[in-house]
Structures are given as C-alpha cells and as structure tokens.
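Structure first, then comments.
Just so it is clear, A, B, C, D, E and F label the chains in written order, and each chain counts residues from 1 on its own.
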Amino acid sequence: MPARILVINPNSLEAVTSALDRAIDPLRVAGGPRIQCVTLSEGPPGIETQAQVDEAGAHVTAAIDRDRADAYVIACFSDPGLRAARERTSAPVLGIAESAFVSALTLGARFGIVAILEASIPRHLRYLDAMGLRSRLAGDRAIGLGVSSLADEAETMARLVDVGRSLRDTDGADVLVLGCAGMARYRTAVEAALGVPVIDPTQAAVGLALTALALRWRRAPQRGSVGR
Amino acid sequence: MPARILVINPNSLEAVTSALDRAIDPLRVAGGPRIQCVTLSEGPPGIETQAQVDEAGAHVTAAIDRDRADAYVIACFSDPGLRAARERTSAPVLGIAESAFVSALTLGARFGIVAILEASIPRHLRYLDAMGLRSRLAGDRAIGLGVSSLADEAETMARLVDVGRSLRDTDGADVLVLGCAGMARYRTAVEAALGVPVIDPTQAAVGLALTALALRWRRAPQRGSVGR
Amino acid sequence: MPARILVINPNSLEAVTSALDRAIDPLRVAGGPRIQCVTLSEGPPGIETQAQVDEAGAHVTAAIDRDRADAYVIACFSDPGLRAARERTSAPVLGIAESAFVSALTLGARFGIVAILEASIPRHLRYLDAMGLRSRLAGDRAIGLGVSSLADEAETMARLVDVGRSLRDTDGADVLVLGCAGMARYRTAVEAALGVPVIDPTQAAVGLALTALALRWRRAPQRGSVGR
Amino acid sequence: MPARILVINPNSLEAVTSALDRAIDPLRVAGGPRIQCVTLSEGPPGIETQAQVDEAGAHVTAAIDRDRADAYVIACFSDPGLRAARERTSAPVLGIAESAFVSALTLGARFGIVAILEASIPRHLRYLDAMGLRSRLAGDRAIGLGVSSLADEAETMARLVDVGRSLRDTDGADVLVLGCAGMARYRTAVEAALGVPVIDPTQAAVGLALTALALRWRRAPQRGSVGR
Amino acid sequence: MPARILVINPNSLEAVTSALDRAIDPLRVAGGPRIQCVTLSEGPPGIETQAQVDEAGAHVTAAIDRDRADAYVIACFSDPGLRAARERTSAPVLGIAESAFVSALTLGARFGIVAILEASIPRHLRYLDAMGLRSRLAGDRAIGLGVSSLADEAETMARLVDVGRSLRDTDGADVLVLGCAGMARYRTAVEAALGVPVIDPTQAAVGLALTALALRWRRAPQRGSVGR
Amino acid sequence: MPARILVINPNSLEAVTSALDRAIDPLRVAGGPRIQCVTLSEGPPGIETQAQVDEAGAHVTAAIDRDRADAYVIACFSDPGLRAARERTSAPVLGIAESAFVSALTLGARFGIVAILEASIPRHLRYLDAMGLRSRLAGDRAIGLGVSSLADEAETMARLVDVGRSLRDTDGADVLVLGCAGMARYRTAVEAALGVPVIDPTQAAVGLALTALALRWRRAPQRGSVGR
C-alpha cells in the first residue's frame, strides 16, 4: 500500500483546502504516496491572530493523534503545532512556512515575503530569527487582506503583484514566498507577472515530505546542553 | 484602590504557587500594587512538553479574559500565551523567561540557564534566537528533574549547585537564570553556594510589572513591513 | 533606615536634574528607597562628544567613591563610567541607555531611538552591538539639537514628534527610547502624540534599581576565558 | 518525454558515481524524471584542496554547457561551479552541500557535519557563513580520510560512527550531514548505529531537484543594490 | 636583494595594470620591496561573471606557481584564487577586496561599496557574510558599467560620484570602497568630490603586503574541528 | 621633512616603551616616516581595570592635543581614547587592538587572543561585538599575569606558550593576537614555539599607520541616521 501524506488545513475554509489540493497536483505521481488534504472544521475561518495560531496548534496535534499518516504537512503559514507534533511522532512533519523558507534558500540570494496583514510581520520576524534565517530576508510586506478576503480574485491579484513588485524592486528580493496557504491559486499568475520565482509554501512542504518519505528520514528526540 | 498584578501559574501545582507567592514578598510594599498569585487548576502538573506549552497558552489567555487585572505575569518559563495575551490587552503582560533574560543583561556579561530537562533546551535556544539575545548566553544545562520532582529539596539543591557550577566555571556565566518557576524557593541558597547572582524569573517579571504600572507603560499594536 | 538610590546627572545643567527628579516621582513610594538626584557641577553643560563621555566617566566614578549609596543610576545616555563603576562596587549600578534598551525589549518587537545629534548615532550603534541587541533596533534618528537646546520646549517638542513619527511609520518601531536624559519632561506628551510607548531612560533605570534593591541582586566579578 | 536530471560527479572515481547512483534509487519513480549520473573523467580522483575545487568548478560548467538537461545536481560537497552554473541556465541547479544544509534545517535543531579532512572545515565554515546558516551548526569534525580512502569500508565505517557520536553527544547535533558524496554507501548503517537522522547530501539535492522540476521553479537573475 | 611583491591583474587589460602601477607608486620606497605589476594576458578583458571569477582563479594560481615572489596581491575585486593560492604558499597573499574591507574598518563606522554591475552585489554580500563583516556594510550600489567601460573617464567619474553620494547620504557610509581594480585612477577625484575617505583596494592590499613582509608574517595551515 | 608617527604608551612603564620601540624597528625605512615612541609618565604602571582604561583615555587625548603628529598609534590593548582622538583630528589614529584584529583577518580563519588577566576578557568580547568581528574569534584565554609581571621572562614565556597552545589546539585558532603592548618582546619566540603567526598589536598598528600616511587616508566626521 502506498504511503499517505496528510495535508492539514487548520482553518475551516473548504475553499482554501480545495485550492491547496489543486496546487499540489503536480507532486502526485502514479505509484507514489497518496496526498490527502483535510479541513479542520473546528478551526477558525482564517488564522490571523496569535490566539488563533495557538488554538490551531491544539487542533493540529489532535488531528495527528486521531489520524496516523506516514507524513504530515501543516498548511498554515504560522506553522501552528509544528513543534508539538514533532514531539508526538517520528514521522516527517513539515510546516509550510519553514518549508518555504528553506526552499527559497536554494532559489535566490534573498527572499521576500508577501504577508496577509501587517500584524503578521512581527510573528514572521520572530520565527525567522528563531530559525537563524533572518540574514536571507530581503523584505516582508503585507497586502492588507485577511484570509477570507483572498477569495476576491481581482483585488487579491492586484495587491499581490503590487507588493511583490516592491519586494523585488525596492527590497532586492530575487525569490518570493507567499505568506498564506490561501494564496496558492495565485502563484503561477504572480510569477508570470513579476518574472521571479514564487514559492507556494504548501507545495514546498509537500515536496520536502515526498523526499523525506522516499529516503525514510526520521527525526530523533531533541536534547543536549549548550555551553562548552 | 491600588492596582492589582495577577501572577498566573499555569500548572496545577499549588505548592509551586505558594513558593512563588513567598518569593515575591520582597516586592510588595505598603500602598503599592496588590500582587495576587493564582493556580490554573485546569493545567497539567508541570509544563514540560511543547504540547503542554501550547495547551497552557490557551488556559492563560482564558484566565486573562475572565479576570481583568492591571498587569499580568505568566509564571511558566516557556512564557505560554505571552504573544496572544499581548494581543488581547494593552495592560502590561510579562513572561518570566523574557523578564529573566532582560534582567540578566544588566547583571553580567553572559548568563547561564539552569534548565529542568534536556528537552527544554532547544526550546530555550529558539526563544533566545527569536528575541535576538543568543550572543549573551554562556550555557544552558539541565538538572534532569521534572517540575513535580523539584519538591525533593535535597536532590534538587544538589543538582542546582552542580549544574550552576558548570555554567559558572566551564561556560563562563557570571549570572544564572533559574529555568523554571518551580525553582523559586532555591534561589537564595544557590546564590550563596555559588557566589554569582541568581535570578528567579518570577521575581524579575514582577519587578518589571511594578515599573510598568508606576510609569503607565502601554504597548501599541505591532505592525509595519520590513524592507527598505 | 530605607535604602538610598543615587541618580547622578554627569552634566552640569541643574534644569536637567530637576526634570529628572520630577520624572522619577511616580517611582517613589512611602517606605521605599529614597531616590536622590545630584548634579555633577564639574561636568560639561551637555555630553555630546566622545571626549566628554570619557571625561564624564571619571567624574561619575569619583562621585560614587565619595558618596556610597545602596544603588546608583548614571543619568546620561552614553552610560559614562558604567563599566568602571561596576568594578568598584557590587551594589547595583544602572546605566540609563542599557536600562532603556532592555526595558524596550519587553514592550515591543523593535525599538526606535530618538537621538540628540547625528554624531551620537555611531556611538549608539557600537553600544548596541557590544550589548548584542542590534537586531531589535528599528531605527535611530536625530532631532539635531544639543543638550542645552532641549530647554526650548516648542522647538524640541516639534522635532521629537517629527522624528518619532519617522521611527514609527518608516522604520517600523513599536516602542521609542528617548536618547537623552534631558528629554525626560517630554515623554508623556510625545507618547500622547504618537500612540506608541515612549521610554524615558532614567525612569527605566530607576525601576530596575528598585527591583535590584528589593531582591538584593549583587553582581559577581566578571571573568572566564572563551573558547571550547 | 520525461524530464532528465543530470547528477555530475566532478571527481574521476567511477566507484563514487556508482554508489551515488544506487543511493538515489529510492527517488526514481516510474513515469517520473530520469536521473542520470555521470563521472567527469577529467576531474581529479577526489576534491580535497581549494585548487581542486576551483578546477572542478570549470569542469562542471563545461559539462553543463555540453549536455543540457532539465535540472542538475553537482555531486561534490564543495558545490564547485554552483554559482557559475546558475548564471548559465535558469534550470534548477542544486549543490549537494547547500541541499544537505537546508534539508537538515527541517529535521533537527542543530546539525553536525562529518567532514573528510580537517582542512575542509574552514571551507565549510566560510560557506555556512556565506549562506547565513552558521547558527544552526552544532559541530564539524573530520574523519581524517581522503576521498579515495573511503573505499576501505571497515575503517571508514568505524571513523564515521566515532565522529558522528562526538557530534551527537558532545556537540549536541540531532541530525548529521555526511560531508562527502563518497560517503553515500554508509548512510543507512551510520543512521542505524547512532539513532539520529543522517543526510546523504546527494540524495537531498536530488529530492530538491525533483520538487523544483515538478513545480517548474525557475531562478531569476540576481541583482539589486543594498542600502536603504 | 630587496623583497619582491607581485601584483597580479587577472584580466587582460594592460590599461588597468598601468593604472594600478601608478596608483601604488606612493607605497614604493627607496630600499623597500620591489612592487611589480603583471597582466595575465590569458585572462578575459574584465571579470564580471562568476564563471570568469572561477577561470581567473585558475590563472592566478598558475601565475603564482610559475613566478615565485615574496608576497602576492591578486588585483581583482572578486579575489579569484585567493584561498587556493594560500594553500600553495606560506608567503603573504592578499586579495584586494578582503584588504579593502579590513582597511575600511579602521577608517569609519560603516563602509559603502561602489560596485561595477548590479550582478556583482550578491557576490559581494556572500563574501562579506563569509568574512563575518556584514554588519559593517552601509550599502552596496552599482554604477552600471563593465570593466572595459571604465576607460570612459567623464561617464565613469559622473557615475562614481553619483553612486558614492547615495552611499554617503542615503546609506550613511563614512568610508567608500571602490569595487573594481579598474577604478584606481579615480580615487583621488572621488574623494575630493565627496569629502569621505575612498579606498582603492589594490593600494590597501599592497599596504598590507608591505607590513606582512616587514614583520615576516607567515600563515599556518588551516585546520581544526568545530564544536565543543 | 618626513612625516612623524607618534606611538603613545599610556602606561608609565619605560621598559614597555623600550620594547615597543625595538619591536617596530623593522617598519622603519630610510626616507620613510619617523616613528617616535613616548611614555605617558602620568599614566598608571599598567592598564588593567576599566577605570584605568577610562583614565588613560583622557591622558591620550591630552597627549595628542599637546604634540601634533602626522599619525598616532595608541599602544594599549584597550584602545583608550581612540574614539575621542578620532573626533579631535582627521589624521590617522590607530588603536593597537583594532589594528591587530583587522590584520588577523587576513592571516587566518579564526584568531585567538592571549589576554593578560581573566578580567580583561569581557572587555575584549564587548569590543569585538562592537566591531562586528566576534564570529572570527576562536578563543580568548588569559595568562594570569598583570602588565608589570610581564618583565619576568621565564614565567611569561612559559605561560604565553601554554595559553597559545590551548588557543591553537583546543579552540582551533590559526593566528594569535598578543593581548597587551607589553608582550611585544615575546612575539618571535612564541611564533617559533607554536608554528602559527603571532601578531604584536603595536606592530600591526604602525603598519596600518604607514599605509594610511602613504596614501593620505583621512577620516570624515561620523554621522547619519539608521533605519530605512
């Protein structure tokens, strides 16, 4: 039986899950792992505040506890529950923000993040600092639309291109990261409009999960004092 | 009516809360703010895993929602719910780990952390990196006792002194931070044994809360893109 | 007898000392430590050059030698004599710049500094680098007025608000630090005008001194090789 | 016609190429890209000095010029010619060291590198600094065997386990990176012996190349001034 | 017999070599080392791409192998072949970019780089990161002229001053580094126009070579594991 | 008339000045600048505490005010008065610690510092952080002898070699910096004993001063806000 990758959308928007599902289609191969996308209906209709991130983390770990897959992708750009999930299973667990950032490192010198809201940016910066990747950030700018507003295609597309252009031309980014799972449907168009690679974070995470499964990478418990 | 500071112990151990309560006694002054310590009985009997940290965060924000004080101290060294709490109120909210680290900056060149478990250390390091304070860390070493075992005074004291000595002599720390709210009762004795300042994180946080109240410091919403 | 905190203004401007004295009034509590402000009449009428900083350092350590208090605050934003003073006494010695920076860490994601002169900025940057806090700086901009010109209230206030607005809106600072002890009288008004917390560095330092006294924090001699 | 990934071994050892070829077998899927490994017979029998790295870089770019594939992997841990290759083609080009490091970021808190020779280590450190990833390095230790000596299986295996254990237990690494393409055949055994994930860099690079191909990631020309 | 310093211009432009030769004249003293400049006629007429840098590196090490001097200066701002050359000889080998950066550290707080092309900038940034000097960079801006176009004096001078002014006034650089050996002839005029020190990198490297020779500094082989 | 470099020994030990004078002899050339060494008899017999550093700074700037030379070297490893001196004159002023560190960057991957006392090490670390050079430090270890004890040749030599060996073998330093002007006389012997380059900081500073004079490098006033 082929392996199964569970892609968990921790917000309750089915439309976001559907778009994700289509976005990862190019990563499905005959005979390869089954990639299944689920919506956490108990989640909020968009994860925008830290309280929602914390709450989503609990939902994600519960979802992992009740549905054991061979690998997991947490499809929210705040990577809710990522550290807790990695404590509970040695199976690969990929956060989409972490995955997007590490993938961006191989595609350009400095990446730009297209955020949904200005309030998300301090969260991104703390996360990049915690990962040790701050020096590779060119800029982080918001389109000023919440998750549910991303369904308005004309407005969203216009803002994505506008913000992406500032990241490219003013901040010097040579690769862009979409800062929300709900932006997946726009990747190709934004890339075409701006001429720089654009990373959909869920795609990046599924790619890393496929490699981890094929090579049977397993994490070890973290431990060890620091000093000399 | 004097202001009130609510010190929230998010684990369910009343003994820890009692010890905290005694530890902050020197910060109580006649006519000054009332400092009240509460135990979250819905919490686990010790916060040691990331899942427990995430869960504690939800309890902390709920506690703040139901009991509005003039300032808050979150008395768990993982600072659970700190970012979410700061979204919900403009009143001062202090995490004890953050408070201990910033206080240590004024007392020595490089600080050492006495952790409870080895598994806590990667969490500390990510947090210090996220705060931008990693370069001031001399070392982080664990005593290998869970929160509930801290009640065994002889064993705990012996391990605290042993680990503290390594941080001081091998790692070059000139100030120590106790890495758990439950270590409060040992501060004075460890300091006497080792001859370097030892910071109880809850004390440090209450001190900062008192100053914030006296000076009416209020936080503003976080926002703002990054780039140039 | 209550403890005594000596706040040393190393410039010779009595008006600055008077303003400091009023600014720290909210930190005085009945039965708490006595907080006494002194002017070093031998100092220059404003500390603006590195030579004045170096000279002020000698005056500060001499002042500490001749008037032993329970804790000291050095009320000049260059923290003159701070390291030397800490060699001479194990009593708490707080520099106002160091105190303002560490306090800012608990109030926002990234702080902005309102400097007096452009020439002060490289000095601030070296100091922040030496403290390991550079990554938390949003921006550092000068109002272009020397210490003695801070007495012109209309002009000073206009420039403080103007520079503070640039730090907030262009640089993304969510907390501001006043970069001169002589700006104390403007804190409340600037905060009201800009809607972000504004730290008067002398207030921050006195707050930390009060906590240090209450908890009997003592520094240890610094030492220890670095390597592995 | 399926896409083709060209894996270039820039040293002249066919045995290394054969081992690589076997190692990436789990990443070959029916209907997926063809993954072809070639040996550059004009290369040296092991790339150990900086002069050999520089020379190998020229061979690699020449190889890319004469055999246009859909993606490339440069299978030498010094990533020779990587930057030059990326100038010449917008097709994905992966260096195995860069790929191993970014993959390690998703598998643990801090990685250890098992180097071939002590002389390689300063090169690794410069590269990690240039990538901005130094803070995630736990340690870098050498087995003291040149590339051609890696064919001695008993000796190599013993040293890999010995050095890997030091990285795990003394340096606190929770994921290991094999620092030479020629170590591929030992990955599984070292992982079994030490209980931490072990990354073969060529496998990591091929995994990233597969994702890049599936998602049609293309690099843009690098450019843009830096300042404000 | 006096010592001899060999200054190697790895591009084939004799005009660049002649200008270098004149630029280092102030460093020639009677009785001091002989400073000889050579052109590598096998090089390209300007080193602008990474492939040209890699190729130039091979030419440089070959040049050192065939003409043994007492010290070497590699007169191309990409420092081609620097690491390989240092493997081959314990005599001093100075790269002009490295030399310019370290010299700039003693002349100002933060330096600006005047690059030839935008495509050079990511290369500079990687190099500064690898050297650990990124925090001292104020800005890096390009004049948009290739090496061979630097012979057009009016156009080059206008652009140098224009870019230098942005580095000084917008980025806050208080010392400038000319980012190409071919800019040597303009140093004095740019310095006069802008009023900040301007470093010609070849001059800086020859200065360091003279000191290294006088003091008989010899490098040791690099080695040593990293960890604790 | 040839230019004159004034080398200022801010401690009162004539024996240190004599040793310096001999050490820089290889940098004197016929027709070149005159290099004159002076002892500040008003200084302490060794600069070991921060208070002595601050006091020495005032003496150094006074010395520069009363004896105008073409360039200055401050021959104490704490670089006392360096920033103030640079405010007072646009002539080159070199600190010996700064000069030693930047010279070390061209001689090895990571440098080790041989300190006099353990109490000096936190001062070195703050300085390296302020300069942005911490990542190039391999280790900093003390011989445990004050300045005046450096006259005991057998004891000093034994400790220098012992500490230097630890820096080389345990910390991985491939170049050593002598952390006191008073160690000048031992440089050649330590280098011979350990086989790695050893930098006498006064020699390094005089070398940089000679280059600065020959090329007429002048510093500009420092200024400029920081932000974006």
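Operating definition for what follows: contacts are C-beta pairs under 8 Å (C-beta built on N, C-alpha and C of every residue); 3 or more make two chains touch, one makes a residue touch a chain.
None of these values were measured; they are calculated from a predicted model.
Peer 1: Going only through chains that touch each other, how many steps at minimum separate chain A from chain E?
Peer 2: Minimum number of steps from chain A to chain E: 1.
Peer 1: Please name the chain that ends up farthest from chain C once chain centres are defined by their CA atoms averaged.
Peer 2: Looking at centroid distances, D is the chain farthest away.
Peer 1: Quick check: more C-beta contact pairs in B-D or C-F?
Peer 2: C-F
Peer 1: Farthest chain from chain B, comparing Cα centres?
Peer 2: Centre of mass proxy via C-alpha means gives E as farthest from chain B.
Peer 1: How many angstrom lie between the centres of chain A and chain C, each centre taken as the mean Cα position?
Peer 2: 42
Peer 1: Quick check on chain E: which residues sit in contact with 2+ other chains?
Peer 2: 109, 122, 125-126, 129, 131-132, 134-135, 171, 174, 221-228
Peer 1: Going by the touch rule stated at the top, which chains touch which?
Peer 2: Pairs of chains that touch one another: A-B, A-C, A-D, A-E, B-C, B-D, B-F, C-E, C-F, D-E, D-F, E-F.
Peer 1: So in the complex, which bits of chain B are touching chain F?
Peer 2: The contact residues of chain B facing chain F are 109, 135, 174, 227-228.
Peer 1: Please name which positions on chain C make contact with chain E in the complex.
Peer 2: It is residues 122, 125-126, 129, 134, 228 of chain C that touch chain E.
Peer 1: Going by the contact rule set out above, which residues of chain F touch chain C in the complex?
Peer 2: Interface residues on chain F, with respect to chain C: 49-51, 53-55, 57-58, 61, 81, 83-84, 86-88, 112, 115, 118-119, 121-123, 125-127, 129-132, 137-142, 166-167, 170-171, 221-228.
Peer 1: Touching residues of chain B toward chain C in the complex: what are they?
Peer 2: For this pair, the touching residues of chain B are 26-27, 29-32, 94, 98-99, 102-103, 105-109, 131-136, 138, 169, 171-175, 195-197, 199-200, 203-204, 207-208, 210-212, 214-226.
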